[in-house]
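In the two complexes that follow, chain A is the common piece, with chain B as its partner first and chain C second.
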Partner chain A sequence: MVRGPVGEVTRPTGPGRLGAEADAAGPAVAASGRRRRVRRAYAWFLVPALALYSFVVLLPSVQGATFAFTDWDGLNPTRHFIGLANFRQMLEDPAARGALRQTLVIAAAVTVVQNAVGLLLALGVHSRIKSRNVLRVLLFAPAVMTPVVTAALWKYMLAPEGALNGLIAAVGPDSWQQNWLGDPTLALCSVAGVVVWQFAGYSMVIFLAGLQGIPQEVYEAAAVDGASGWQRFRHVVLPLLAPATTINLMLSVIGGLKLFDQVWVMTQGGPGTATETLSTLIYKNAFQLDEYAYSVALAIVLTVFVAVISGGQYRLLHRGGEAAR
Partner chain B sequence: MRRTHRLTAVMVAGVTLAAGACSSGTNASGGSDTLRITAVATDRAGTEAVLKAFQAKNPGVKLTTSYSDTDQYQGTLRTQLSSGTAPDVFFAWPGNGNPAAIEVLAPTGYLADLSGRSWTARIPAGIKPVTQVAGKTYIVPMTFVGIGGLYNQQAMNEIGAKPPTTWSQLLAFCDTAKAKGKVAFALGNQTDWVTQLVNYALVPTTVYASDQSFDQRMKAGAATFAGSGWKTALTKYLEMNERGCFSKDPLGTSFETSVAQLAKGDAVAAIQVTSTLNQVKSQAPQGTGFGLFPVPATDDSDETRMPGAAGGAFALNAKAKNPELASKFIDFLATPEAMNAYAGATGNLPSIPNDQFKHDPALQPLVDFQKAGKTVHFMDQLWPNPKVQQTHFTGVQNLFAGKADPDTVLRQMDEAYQGE
Partner chain C sequence: MNRYGPRTLLREIIMIAVAAVVAFPLYVLVNLSLRDPRDGSSVIAPTTSPTLRNYADAWREAGLAGAIVNSVVVTVLSVAVIVIVSAMAAYPLARITARWSRWAFLLVMLGLLLPFQLALLPLYQTIRDLGLLGTLWSLVLFYSGLQVPFATFLYVGFLRAVPREYEEAALIDGAGPVQVFWRVVFPLLRPVTGTVVILNAILVWNDFLTPFLYLSGSDQQTIPVAIYGFIGQFVSQWNLVFAGLVIAMLPILVGYFLMQRHIIKGFAGGLKG
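After this line comes the complex of A and B, so read on.
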């Protein structure tokens, strides 16, 4: 009895289920085949773009990277394979160590301050203050200017007898005036300040887009629950701004690590080597010191460095953002 | 639908415009009557002047030119040479010491040998060595450039001083200018190449006046910067700074700001290359007079020497697309007509002296020192690699920032010199 029903149940179930699967698998297999065919057709559309990208970006980059293993000076028709000698030289080069330290400091300073200022500005212009559209345009305006131009303007304003010291002289004691770009202890901060001035508006726009994407109901619900202004910001706004924060931090870290234009125009890496970054060191070695191959090795290290830091940061923030949601 | 059409039209127009813009440069190197020339931006006025004269004599020739700042120029030229796209004739530096100097470029075979040209015999003996590599001439030198104290005559009158002829007078000159509320010497040490000029003005006296074989001894490893009169020069440079001779905060002052200070008379003088004179004049109020004095480094004015050397020069591309026309242009550059036009436009002296040239009266001291054989080449022209100069720039900035002393800077320069 027991077996019967079991047998009855088991027997038809087995082949029956398999049959059902087979019946269902028929159209499923057909559909996935179609999808594969469609995907393959789409892939053909990618070929021209990929070919162009390989030809213009990948191939020259890989070809260029091979110079790091030679002794080429950037000019001589002949070059020799020297293995990892350029990378070993980097470890012993005090200029490279100094540039790495300065690069990390400026990238960290720019990332933190630029995003803090950008967030504050975004919160400010997101409120119902008058002429907020004009303010948005004004605050974003520096970001559309060429870094070289803004750096040249600031170079004049930060001169010992420039506009900034003139302004300070008008409102405070002379001791407040500084040699902004000529004092090795201040120069790096001054350069970072100019970068923040230019790109805080850029961060603001991204944060603003994030803020505008938060539904009004969420604010209202939090208010009904009796959350204070700070609590609303800390527990509602900040977690919902996670995607904007991730993008902003990524962009500013990458920008900070690659910083060149502003440094070159304002200080050329000086005074001494106080504002030397990896990018200015790469330029100097390639075009002023006949050390082309060494500069390529430095560039490879910088590329790996940027990729690892920004990749790690993205994973961390993305995971954090997902968890917050 | 209409919107799509409009978008398509805009895209087509954009692509056409881009294609047009990108293709406009392709015929730059073609044709037997086309000559491509490139020069550094500081010598643009001189280059334009000779091109105008050459064009007047050769109306059928099409000249395409490009100019860029020194750093960019050197990098671009090297890339063009190594990739076979360099112009027919290009600006190059005499001697050695920078990435586009002939000692660096000639061994690679990118420069045409000009030794067979008739004008090479007229190059003065004083500058001949820096126009040659291994006994072969590779450039036609255009100017003779000096370094000295360029001064604003009105500002000098206002403080009631005269150009100093001894070291003690120079320090007293600083005190007088300061007491009258003026800067004695405008100094823009934020710009790296400016950092070297005071040393270049002092070293001919502190080193070469008593040791003319210093460069040969350096090359042989028998002399060092640290054990030479270079230390005296660096110490005096610092002494001038401590005495308040220079602009407020030289490390925060750029070359452009220092030129403006001299032009306006806020600074009485500036230790600069003579080719800056025209730039200073162009920014000065109408009627301002300027002069030049050799910078003294001792209290015996007879010992004073002045840096004076071949400045701008042009080389012929060994793989010129149009070698015949390029050679013709190179020969034209060596004529008194071209030399004088170039020197006049850049505020220098012609490298091959001639009676037809009427120099700026302000340059008289340089002419006198050249005639008396009291000029010394620019130091980097005989250094073995560009690193020595870069180390010098960084070292002077560190010196002014209080982060190094003369011994440290000179030791680093010795290491860079011997690193070759």
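After this line comes the complex of A and C, so read on.
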């Protein structure tokens, strides 16, 4: 009897295998041949996806990685290999260093605040309150809105003559009024605040799914054991939320590192370079300054940061989650 | 803990206050969009004599009619392609354990890690060289390829939990592989297809940078691009701009409120994998 690769026939309960029972049914050699044909037919199912994925993601990424080591401006037909010069230039370029710093600050701020707020909101709507269903829908609504639209709305809210200062004028001292987006020391915080406003509901929904997955008996057991509300939260709820926390932190870190739309609409990286992020700098270098190769080099740095930070975070949290169990 | 006591009431009040803070910008948005530009009263006060003039002007000036059609076309086509190719690809990846299949799976999952910024510029040049800049096809092509990894990831995760008995039975009954997939397997994937559709539709609908690049200089626009141009053109005419923003927001908000249960479940559940 013709057998497939060794690993394939010796593992009886691998997750779903075509042709597994070719062995069980001894005389079914013809069936086994048919199975192989079926399997070959299914291999073709991969082709459209792989073709699209290669064309849009894989090949251009490889291309991008190679352009980063050249001096190409994106227009000139010639280009030269210049080694690591683009990366060395980055180390000395205050714009790049500033953008990297701002990108990390905004990603960290958004991650911490968005998830803290999201968790509090989830705890708030995961209770007996009567408005919980309405609030859930309302609080998540900003997350489905177009970032360009919400950013335009906030650009007005935060303008010197805008609604936020108008509100402050109505209730508080005038000195609290600020030029939220025009003041270089405040602008980055304001942008981060807008992102948190939009996506805290997103974190909430994921935490809420985690909370709903905790069986009622677990709370009751902890209560019977005399655990206080805080102890129950700290030692029972939080460890059981580890999967939701992992997903939330990954999503907000990646989103924060890649942030573009909101910055572009509200400040275009300004005032000065106060809110420049890697994504806006990549865009400017490629499409406004014709520094194509340099821009791709910046994109590689962004890639590395996304991969290292989200990968490291995943491993750390995964281990944490395992230890908690 | 199970009764509606004073603490629950306190919690209810706090949560409603928080929701009011979250909703405040949206109140301002609608309030000002209904207001005559000459009305100088406080932005917080409800507009006394609401008018729809701003809406009529914004509709005329922003070119939103064409943009909405384009957004619908791009979203529908992209999501359809994503669903079809990813569901198909996931099937052999989930069912065949040969070494090439595992490698192919890892190769596809690599795409979850690569930020699109890396591929953005080389792909832009390829699209330009193919003469596809300024066409909606460039966007459909982009999203279809970009979202293959995530959609395939969701489908594979789901498929691994689907028993094989139905497919086996259909094969024994003499159905061909293509028939088995589309008639037997694909209908079983309906829950995860719902998630894939929701997550991708919202992503495609809201995306700004891609159409901003690929459609710039052409007369084609999607909603985010149209709105971006519109706010640039009427910078300080906030009543007009806000009417435009409301119109731009309306399709997705209506869709959201009609299907909120499914959408929230899609966002919460699709990411559990």
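The criterion applied here is as follows: the second predicted complex is superposed on the first by the 275 of 325 C-alpha atoms of A that agree within 3 Å, B and C clash if a C-alpha of one lies under 4 Å from a C-alpha of the other, contacts with A are read in each partner's own complex, and residues count from 1 in each chain.
Rule of thumb we're sticking to: contacts are C-beta pairs under 8 Å (C-beta built on N, C-alpha and C of every residue); 3 or more make two chains touch, one makes a residue touch a chain.
Not measured: the values here are computed from a predicted model.
Enquirer: Kindly classify A:Val308 by the partners it touches after superposition: chain B alone (first), chain C alone (second), both, or neither?
Expert: neither
Enquirer: Looking at A:Gly74 after the superposition, I want to know if it touches chain B, chain C, both of them or none. Which is it: first, second, both, neither?
Expert: Touch status of A:Gly74: both partners.
Enquirer: Counting only touches as set out at the top, which of chain B and chain C does A:Ala49 meet: first, second, both, neither?
Expert: After superposing on A, A:Ala49 lies in contact with chain C but is clear of chain B.
Enquirer: Which of the two partners, first being chain B and second being chain C, lies in contact with A:Leu238: first, second, both, or neither?
Expert: Neither partner.
Enquirer: Tell me the contact category for A:Leu138 with respect to chain B and chain C: first, second, both or neither.
Expert: After superposition on chain A, A:Leu138 lies in contact with chain C alone.
Enquirer: More chain A residues touched by chain B or by chain C?
Expert: With both complexes superposed on chain A, more residues of chain A are touched by C.
Enquirer: Once chain A of both complexes is superposed, is A:Phe287 in touch with chain B (first), chain C (second), both, or neither?
Expert: Once the two structures are laid over each other on A, A:Phe287 reaches both partners.
Enquirer: Applying the touch criterion given at the start, work out whether A:Leu316 contacts chain B, chain C, both or neither, answering first, second, both or neither.
Expert: Neither partner.
Enquirer: Could you tell me if A:Val218 is touching chain B, chain C, both of them or neither one (first, second, both, neither)?
Expert: Neither partner.
Enquirer: Mind sorting out which residues of chain A both chain B and chain C touch, each in its own complex?
Expert: Touching chain B in the first complex and chain C in the second, residues 74, 155-156, 286-287 of chain A appear in both lists.
Enquirer: Which bits of chain A are touching chain C when the two form their complex?
Expert: 4-5, 7-8, 11, 14-18, 38-39, 41-43, 45-46, 48-50, 52-61, 63-65, 67, 74, 121, 124-125, 127-132, 135-149, 152-157, 162-163, 166-167, 170, 197, 200-202, 205-206, 208-209, 219, 223, 243, 247, 251, 254, 257-258, 260-261, 264-265, 278-279, 282-283, 286-287, 292, 295-296, 299-300, 302-303, 306-307, 310-311
Enquirer: Write out the stretch or stretches of chain B touching chain A in their complex.
Expert: The contact residues of chain B facing chain A are 71, 74-75, 78-79, 81-82, 98-99, 104-105, 107-110, 189-192, 247-254, 257, 385-387, 390, 393-394, 397-398, 400-401, 403-404.
Enquirer: Note which residues of chain A are touching chain B in the complex, please.
Expert: 74-77, 155-156, 158-161, 179-184, 267-268, 270-274, 284, 286-290
Enquirer: Could you list, by residue number, the parts of chain C that touch chain A in their complex?
Expert: Counting only chain C, the residues touching chain A are 1-4, 8, 11-12, 14-16, 18-19, 22-26, 28-29, 42-44, 81, 84-86, 88-89, 91-99, 104, 107-108, 110-111, 113-123, 125-126, 141-142, 144-146, 148-149, 152, 159-160, 162, 164, 171, 176-178, 181, 202, 205-206, 208-209, 213, 223-224, 227-228, 231, 238, 241-242, 245, 248-249, 252-253, 256-257, 260, 263-264, 267-269, 271-272.
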